[in-house]
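In the two assemblies presented below, chain A is common to both, partnered first by chain B and then by chain C.
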Partner chain A sequence: MIEKFSELAKDLDPAVFWEYRAVLIPGLLYNFYVFFLTVGVAVGLGLFVAILRLSHHGVLRAVGGLYAEVCRNTPEYIALIWIYYVPPLLIGLAIGRNISFSPLLAAVIALGLSSSGYFTETFRAGILAVPKGHVEAARALGMSRLATMQRIVLPQAIRHMLPEAMNQFVSLFKGTTLVSLIAIPDLMYEVSLVTMDTDRALPLYTGAALIYFVLILAMTTLVRKVTDRMRKSPRMTG
Partner chain B sequence: MDLFWQSALWRHREAFWDGLVVTMQVTVIGYIGAILLGFALCMMSMYVRPLRWPSRFFIEFFRATPIYVQLLWVNYVWPKVIGWPNGFFEAGCTALAVQSAGYLAETFRAGIEGISRGQIEAAQAQGMSGPLIMRRIVLPQVVHTMAPSFMNQLLVVIKSSTLVSVIAVPDLMYQALRLTSIWFEPIEILSCTALIYLVIVSALSWAFKVYTDRIRAKYGLTRG
Partner chain C sequence: MSAPASRSDNVVVRIVDLHKYFGELEVLKGVSLDVHQGEVLTMLGSSGSGKTTLLRCINLLEQPTSGEIHVGGSPMGFHIDARGRRRPARGAQLNAQRAEIGMVFQQFNLWPHMTALQNIIEAPMRVRGWSRAKAEDIALRLLQKINLMDKRDQYPARLSGGQQQRVAIARALAMQPKVMLFDEPTSSLDPELVGEVLAVMRALADDGTTMIVITHEIGFARDVSDRVVFLHNGLIEEEGAPDDVIVNPKSERCRRFFAGITR
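Here is the complex of A and B:
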């Protein structure tokens, strides 16, 4: 028993992680790179569709609702693979030329679409939480719809939805680990490659899991702190 | 209708069906495992003093690691450390189970903490034992309030189950990738697969919504 443990401890040697830092650190940075690009797509699309869902037009509302459902109910992995293979072929057929998406483009589109479904709901709830009187007052003062949205509704809505949105950023970051499946050199991809090289799955996968654990735990703790402070702040009561 | 009989979905129906069955098996086993493990973790973190911090650590660890990382970790590391799981199918189920167990443990905790202290004290005063109080007083009341989180977690497990294909569990996703690489008809095959998942998840999510609304109306709950 003790023998087995000392063997394990020797095998768990974290030095291998340090040894391969030259590929592993850029891998982790790639996760952040994909994350930031995806956040842009997800938040932009989410806001756009949320406004569609709140429109006076029944058809636009239905389209927005359907979009959100489809995005939320499709598993991320199939979305990723589908976006990577299918749209380039369809576009290629349409214009009669062979094209392909780079893995990064496919990843950002797929993950962005996937989480924009959730952001739509968050934005919608945030906008609905702004008292109707504020909108009516702004309109009565002669502000245009766009100006009302920009100056009155969104600043308040964003404050309402921030706690929820931050949680979604965290799950989006978790989702970025999937990009290694279409050969984007993120941390998990590099870990798999190094494992093939060295046959040392134990320290490498454990190390990767711990790195993600520490990072994401730090993020969720930060989110909780900020959320608590916002709840206490008197500005939130308005 | 001719189109349907020539479609990829019909021609490869056996592979799709086999995959779907494996997906269902992985999902159901993983989900049941998650409920049991989540309940055990919750009980340990709340009532078993010496195990409080270890179980809290596991809950946080399971919740804060991405499912894909968890899956590879379970698949490659666990067999060397504890000699189990020794198959891809087992590893897939285990990874799904531990991932969701962390979330469900928190759901159980929130539900149990929602029960007023007075009820538990009353039960204790009647001489009921801890497990009996849990079974007769606490759980029957929290089942309804926890139902939405539980259903939501089932959808998460179904969606995450696509990833077990990465460790060669022959689920629906695996079959789709295999067929694509053999026949190279990604447009049809991948779209059909995406549609199958979409229909399953949407149907369940719709059914859960109907059920939750009904429970809310029946018990006068305003929040899930």
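Here is the complex of A and C:
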């Protein structure tokens, strides 16, 4: 029994990870690539739908609300698989031709939609936190709705929502580890390929877990630091 | 100082038979009022009298139910929708009209993410399209005037209430409006800070600024205004020179109001 453990311990050799750096590092970079593309989609859609949800039109509000509910209540795993297989099928039927989504496109859409539901709520709360009087002051000076949104509301809303948004970025990054499911060559995918070749699951999966742990720990620490600093800034109050 | 009421060519704000409902509640019941070039008009009345609603109708922060408002000779925009109801004017026309009307709020409403100077130059640059140099030139002169040159790069949170309100006045003045509206500008200030804001407003009045002021500062109303309007229940109850309305009010309601607050 003890012998077996010591054998395993010998096997837990970080050098294995280094040996395969040529595939593992690009794999990790792929995680970041997916992450940044997804952030773009999630934040863009989130802001757009948040503005819908704050509209004067009941119909637009309802559409925005439904969108946010669907996005937030669908597991990312399901969204990923569904987007990868179903919309290409439907579009293919509609145009009478076989099409498919590239795994990267499907991943960015699926993860983007999924977390845009949360960004919608975050943006909405951030915008609602801006006092109505600040908007009235801008409108009374003749500023257009758009200028008021850009110059007065959003800069304040973003400051309000930044701590929450940064937490969502972290969980979005965690979500990118799912994309290996549809054969995107990210770190987990590469690790599983190498494991199949070498049969050394222990060092490789442990190494991958450690890398994610360290990266995400670094991110959350950064989030905490930035949040603390913002709380003390004079721009946040008043 | 008072402009002759007989001449109509120097009317800056003309309000004709203004009605405003909030749901079933009629807050303004037909108010007509002319404010002349260089005139300081003070609106008095208890809360619920409709004075704030009247002021906010002038720049269409509230949409009147019926009646007309002209500022600088042009009607404040509205259009009639398909069902024959009045609808707020939208877009560029309304923005251009609002740019001609300065407003000072009870809660200051400075933008907290901008410094004092940035608060003042924002609308001149965005709305008037002035260069930064021109906007800053005007802003700095205003900061000098309100004696806050040293606070130009401070964020509002670092300013006292009185300082914030003075910056808010400068922000409105930077647009060089035809008329300044003051909605209880000293009501949320600590008593010791009221004086500095009133001093700025007195200086404006002396410069010939056209002003419509809602205030509970009876001293200011009596000393500075050319005319006082007393509102009650959405109607003008009494109107005239400050001494006539404040010292020798004709109506019983007006008398009780002033007896209550000057005691």
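Simple rule for what comes next: the second predicted complex is superposed on the first by the 234 of 238 C-alpha atoms of A that agree within 3 Å, B and C clash if a C-alpha of one lies under 4 Å from a C-alpha of the other, contacts with A are read in each partner's own complex, and residues count from 1 in each chain.
By definition in this document, a contact is a pair of C-beta atoms (placed from the backbone, for glycine too) under 8 Å apart; a residue touches a chain by one contact, two chains touch by 3 or more.
These figures come from a predicted structure and were not determined experimentally.
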Do chain B and chain C fit side by side on chain A after the overlay, or clash? fit
Just checking: does A:Phe213 make contact with chain B only, chain C only, both, or neither of them? Give me first, second, both or neither. first
In the overlaid three-chain picture, which partner chain does A:Leu178 touch, first (chain B) or second (chain C), both, or neither? first
Write the angle, vertex at the C-alpha centre of chain A, between the C-alpha centres of chain B and chain C, to the nearest 10 degrees. 110
Check whether A:Arg151 is in contact with chain B, with chain C, with both or with neither, and answer first, second, both or neither. second
Just checking: does A:Leu90 make contact with chain B only, chain C only, both, or neither of them? Give me first, second, both or neither. first
Which partner does A:Met188 reach: the first (chain B), the second (chain C), both, or neither? first
Between chain B (first) and chain C (second), which does A:Gly133 come into contact with in this model arrangement: first, second, both, or neither? second
By the touch definition at the top of the document, which applies to A:Ala79: first (chain B), second (chain C), both, or neither? first
Most chain A residues touched (candidates chain B, chain C): B
Rounded to whole Å, what minimum CA distance do you find between chain B and chain C in the overlaid structures? 25
Residue overlap on chain A between the chain B contact set and the chain C contact set? none
Seen from chain A, its contact residues with chain C in the complex are 131, 133-134, 136-144, 147, 151-152, 155-156, 159, 234-238
Chain B contact footprint on chain A (complex, rising order): 8, 11, 69-70, 73-79, 81-82, 85-86, 89-90, 174-175, 177-178, 180-181, 188, 192, 195, 201-202, 205-206, 208-209, 212-213, 216-217, 220
Contact residues on chain C for chain A in the complex? 59, 61, 91-92, 95-103, 105, 107, 109-113, 122-123, 126-127, 155-158, 168, 171-172, 175
Of all residues in chain B, which touch chain A in the complex? 60-61, 64-70, 72-73, 76-77, 80-81, 155, 158-163, 165-166, 173, 176-177, 180, 186-187, 190-191, 193-194, 197-198, 201-202, 205
